[in-house]
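Which chain is which? They are A, B and C, in the order written, and residues in each are numbered from 1.
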C-alpha cells in the first residue's frame, strides 16, 4: 500500500486547467521531488493535496483513505503537513510558541484547566515545551526559542516552518521550495536537516524545489510538471537526463 | 401607486445624498486605505458654513454652496495633513481609524462651542415659491429632484475626471499600488491630498443638500448620515465609485420605504438587516472585487 | 522556560495593577478623600475597563474588528435588569445580583454565538460593518420591545404598551423607548472590581495557553493555522462568544447602577462601541493592560477637564488625537522605544511591525 496515491487529479480556474490529469504514487519513506518551471502548477498540487483548493476531478488517497475534498484541518489531522513558498509563520509569537501551535492536536488540556491554572495545565505545558524544544534542536533553533518569529533571519524562518509542520506529527511532509532564498551554506545545512528528519522520524517527504543541487542531492524520485501536466516521472537520474526535461527548463532553442 | 412613486422619489433623493457622502468615503478608502470616520462631520461643518453665509450673512444660496465646498475642501486637506499623514506608516489601519474618530469628536465639539447645541433652522437653497413641483396628481419636493440630479452629475463628472485626466489616472494608480505609483513618479502625497479635497468638497455639497431637505442643523447632524453612507459604501463594495452610488441609492430607498410601509421605529434595523443579508450572500458588497488570498 | 516566566510575570503585573488600584481607592474612600462625583464614577470605570478587556479579546487577540460591542453590553444590561425586576421580591440582594450578572453574561453569550455564526465568515472591514449593523439592530429592537407582567404571566409586544393587554394589577417591565425603570440598585465598586478582575484573569490565562495560542495563530496567519490543524471556526467562535459574555457581565453591572435603563444611542449606539475600540487601540492593540489603562484615562479625562467647562470635550478630542499620533507614529515610537527600555509589549509590537507593511 502506497502512502500517498493521487489519481487523475485536475483543477480548473475559469478557463485555465492549472493541473491536468496528475498522477503520483509516493511510498512510505520516499524522498520525492516535484519540479518544473515557474507556473507549472507545483504549488497548486500542494494546495490540492492539503485541501486549500478543491479538485475539479480526481482522487487523493492517504494510506488508502480518501482525503479528496476534506478541509485543510482534517487533512492535517489525517497526517499531511506542509510549509509554504511565501513563508507563513505566526510572526507575533515566539519561535517556541510557533512550534507549540503545531503541537496543538498532540497535547490537550481543557480551557477550564488553563483559566484556573490546574495542575494539568502545568503538566501538559511542560511536555509541550520539551517536545517543542526537541524539534527545535533538530534545526538548531532551540537557542532562539524566545525570539519573536519575525525577527529570525530568512533561512531560519524556513527551518522554523519545517519544525512547525513536523510538530503536527505528520505521515507525509510537503516542503514548498524549502531552499528558496537560502545561501549555499544554508542550503547545505537544510539538506542535512531533511536527511536527518527522514531518518530519525522515518518521514516521507514530497518537496518542490528549483535548486537542482538540492534536488539531485537528496531526492530519489522526481516528477516533472510543465503547463499543469506531467512531463515525466521516475528515478532522479533518469529524469534529469531526459531531453524533454532539459527542453522544458531551457526552452526550445 | 401615486403615493408609492412619491415615496420612491423621496427615497432616491435621500439615497442620492447618501451616495454623494458614500463616494467620499469610498474614494478615501480606495486611496488612503482608511475609514475616515470624520467624513460625516465634514458634512455638518459644510452645512454650518452654508448656514452662516446664507442665513447669517444674507448672501445668495449659490455663494453659500460654493463657500461650503471650498471650506470643506480646505478642512479635508488640513485634517489629512495634520491628523492622518503622521500615521500613514504606523502599520495599523486601526490607529488611523481611531484618530479619525478623534477628529470627529473635535469637529462636533468645535461646532458645539461656536454654534451651541440649539438646532438651527436651515434655509433651503430652493426659493420659497418653487419648493414643490405639481405635475398632474404628483406633488414633488423640488429639492428631491435637485438631489438626484446633482448626484448624477457629480458621479459622471467624477468618472470623467478619473478616467480622462492625468490627476485622475494618478488617483487610480495610487489606489491600485501606492508603492508602484510613487516609483512611476506620481506624487503620492499630492494625490492623497487631492482625494481628500474632492471627497470633502462633495461632503460640502451633501451637507447643503441634506439640510435643504431636512432643515434642522445641529453639531450631530452629520453623524448618522455619515454612518449610513459608510454602510452604503460597504454595501456597494468599498473602493468602488459606482458601487457607492448604487449602495447609497438602495439604502435611501429601503430606508424610506421601510419607514412608510413597515415601521418608522424599526427602519434602521431593517436597513441594517438588508445590509447583513447582502454581505452574507456577497461578502465583498454588490460591486466589490473578490480578492483570493494567494497561498 | 524563560518565555513563559516572562509572560506570566507580565500577567501578574496586570492583575497586581488592578488589585493595587482597588486597594488604593478603598483606602482613599475610608479616608474620605473621594468626593461624591468621583465615587459615582467608580462603577462606570469598572464597566468600561471590563468592556476594554472584552473588546481587546476580539480586536487584539483574535484580530477581528468589531464595531458593535455596545450591542452585547446592551443585551447583558437589559437581560439582567429584566431578570432582577422579575425576581425582585422573591430573592435577597446578593444571590439576585449574582444571578443577574450570570443571566446578563449568558444571554449576551448566546447573542454573541448566534451573531458570530454569520459574522465570522466575513473578513476585515466587511466584518466590522456587519458587527456595527448588529449593534444598531440590537439597540433599535430594545427600543420597540414591550414586556409586562400580570397575574397571567409575562406579555410581550413589539408594537406598543397597550397591545400587551395587561390586567389591572399588571406592571410594565420593559416599556419600549422608556426602557426599564426601577432596577434594583445592586451594583457597587467591590462587585465591579471583582467582575473586572475575573474577566482579566480569564482572558490573560486563556491567552497564555493552548487555546490562546490557537486564537493568536488564526490572527497572525489564518492559512498557516489551518495547515497545522487548528480548527479555525471553533476558536474564532469561542473567542467571540467569550468576549460577548464578558460584555454582557459588564452590561449587568451597568444596568444595576442606573435608575432608568434606556437604549439610547449615547449609551449603546455605535458611538459607544467606537469608544471601546478607542480604549483598545490607544492601549496598544492586544495588550489587556494597555486597554484597561486607556479606558481609565479616557473615562477620567473629561472629569479632570471639568474646569475647562465648555471646552473640555474639545480638549479631550485634541488629547486623543495627539496621544494616538505619539503612540503610533513610527518616528515617535522609535523615540519612545529608545528611551524606555524593557517595555516588553511595546518592543514586541515594534519588532513585529518592522517586518510588515500594514495589516
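Here, a contact is a pair of C-beta atoms (placed from the backbone, for glycine too) under 8 Å apart; a residue touches a chain by one contact, two chains touch by 3 or more.
Bear in mind the structure is a predicted one, so any value in this text is a computation, not a measurement.
A.B. asks: Counting C-beta pairs in contact, which chain pair has more, A-C or A-B?
C.D. replies: A-C
A.B. asks: Counting only C-alpha atoms to place each centre, which chain is farthest from subunit A?
C.D. replies: Relative to subunit A, the chain whose C-alpha centre sits farthest away is B.
A.B. asks: Starting from the mean Cα coordinates of subunit B and subunit C, work out the distance between those two points in Å.
C.D. replies: Comparing mean C-alpha positions, subunit C is 30 Å from subunit B.
A.B. asks: Could you give the separation in Å between the centres of subunit A and subunit C, each centre being the mean of its C-alpha atoms?
C.D. replies: Once rounded, the distance between the two centres reads 41 Å.
A.B. asks: Please compute the C-alpha centroid of subunit A, do the same for subunit B, then give the distance between them in whole Å.
C.D. replies: Roughly 49 Å separates the two chain centres.
A.B. asks: Give the residues of subunit C touching no fewer than two other chains, as numbers and ranges.
C.D. replies: As it turns out, subunit C has residues touching two or more other chains at 223, 356.
A.B. asks: Indicate the residues of subunit A shared as contacts by at least two other chains.
C.D. replies: Residues 52, 84.
A.B. asks: So which bits of subunit B are touching at least two other chains?
C.D. replies: In subunit B, the residues touching two or more other chains are 295.
A.B. asks: Quick one: which bits of subunit A touch subunit B in the complex? Just the residue numbers, please.
C.D. replies: 43, 47, 52, 84, 86
A.B. asks: Can you check the complex and tell me which residues of subunit B touch subunit C?
C.D. replies: Subunit B reaches subunit C through residues 33, 35, 37, 83, 86-87, 89-95, 97-99, 101-103, 105-106, 109-110, 112-113, 223, 227, 230-231, 234, 238, 263, 265-266, 268-269, 272-273, 275-276, 279-280, 283-285, 293, 295.
A.B. asks: Mind listing the subunit A positions that touch subunit C in their complex?
C.D. replies: 50, 52, 71-73, 76-77, 81-82, 84, 88-94, 96-97, 100-102, 104-105, 107-109, 111, 114-117, 121, 124-125, 128-129, 145-146, 148, 150-151, 164-165, 167-168
A.B. asks: Could you please specify the touching residues of subunit C with respect to subunit A in the complex?
C.D. replies: Touch residues, subunit C against subunit A: 1-4, 6, 201-202, 205-206, 208-214, 216-217, 219-221, 223-232, 238, 286, 348-349, 351-352, 354-356.
A.B. asks: Quick one: in the complex, what on subunit C touches subunit B?
C.D. replies: Contacts found on subunit C: 59, 65, 118, 121-123, 125-126, 129-130, 132-134, 136-137, 140-141, 143-144, 177, 223, 270-271, 274, 277-278, 281-282, 285, 310-311, 313-314, 316-318, 320-321, 324-325, 327-330, 353, 356-359.
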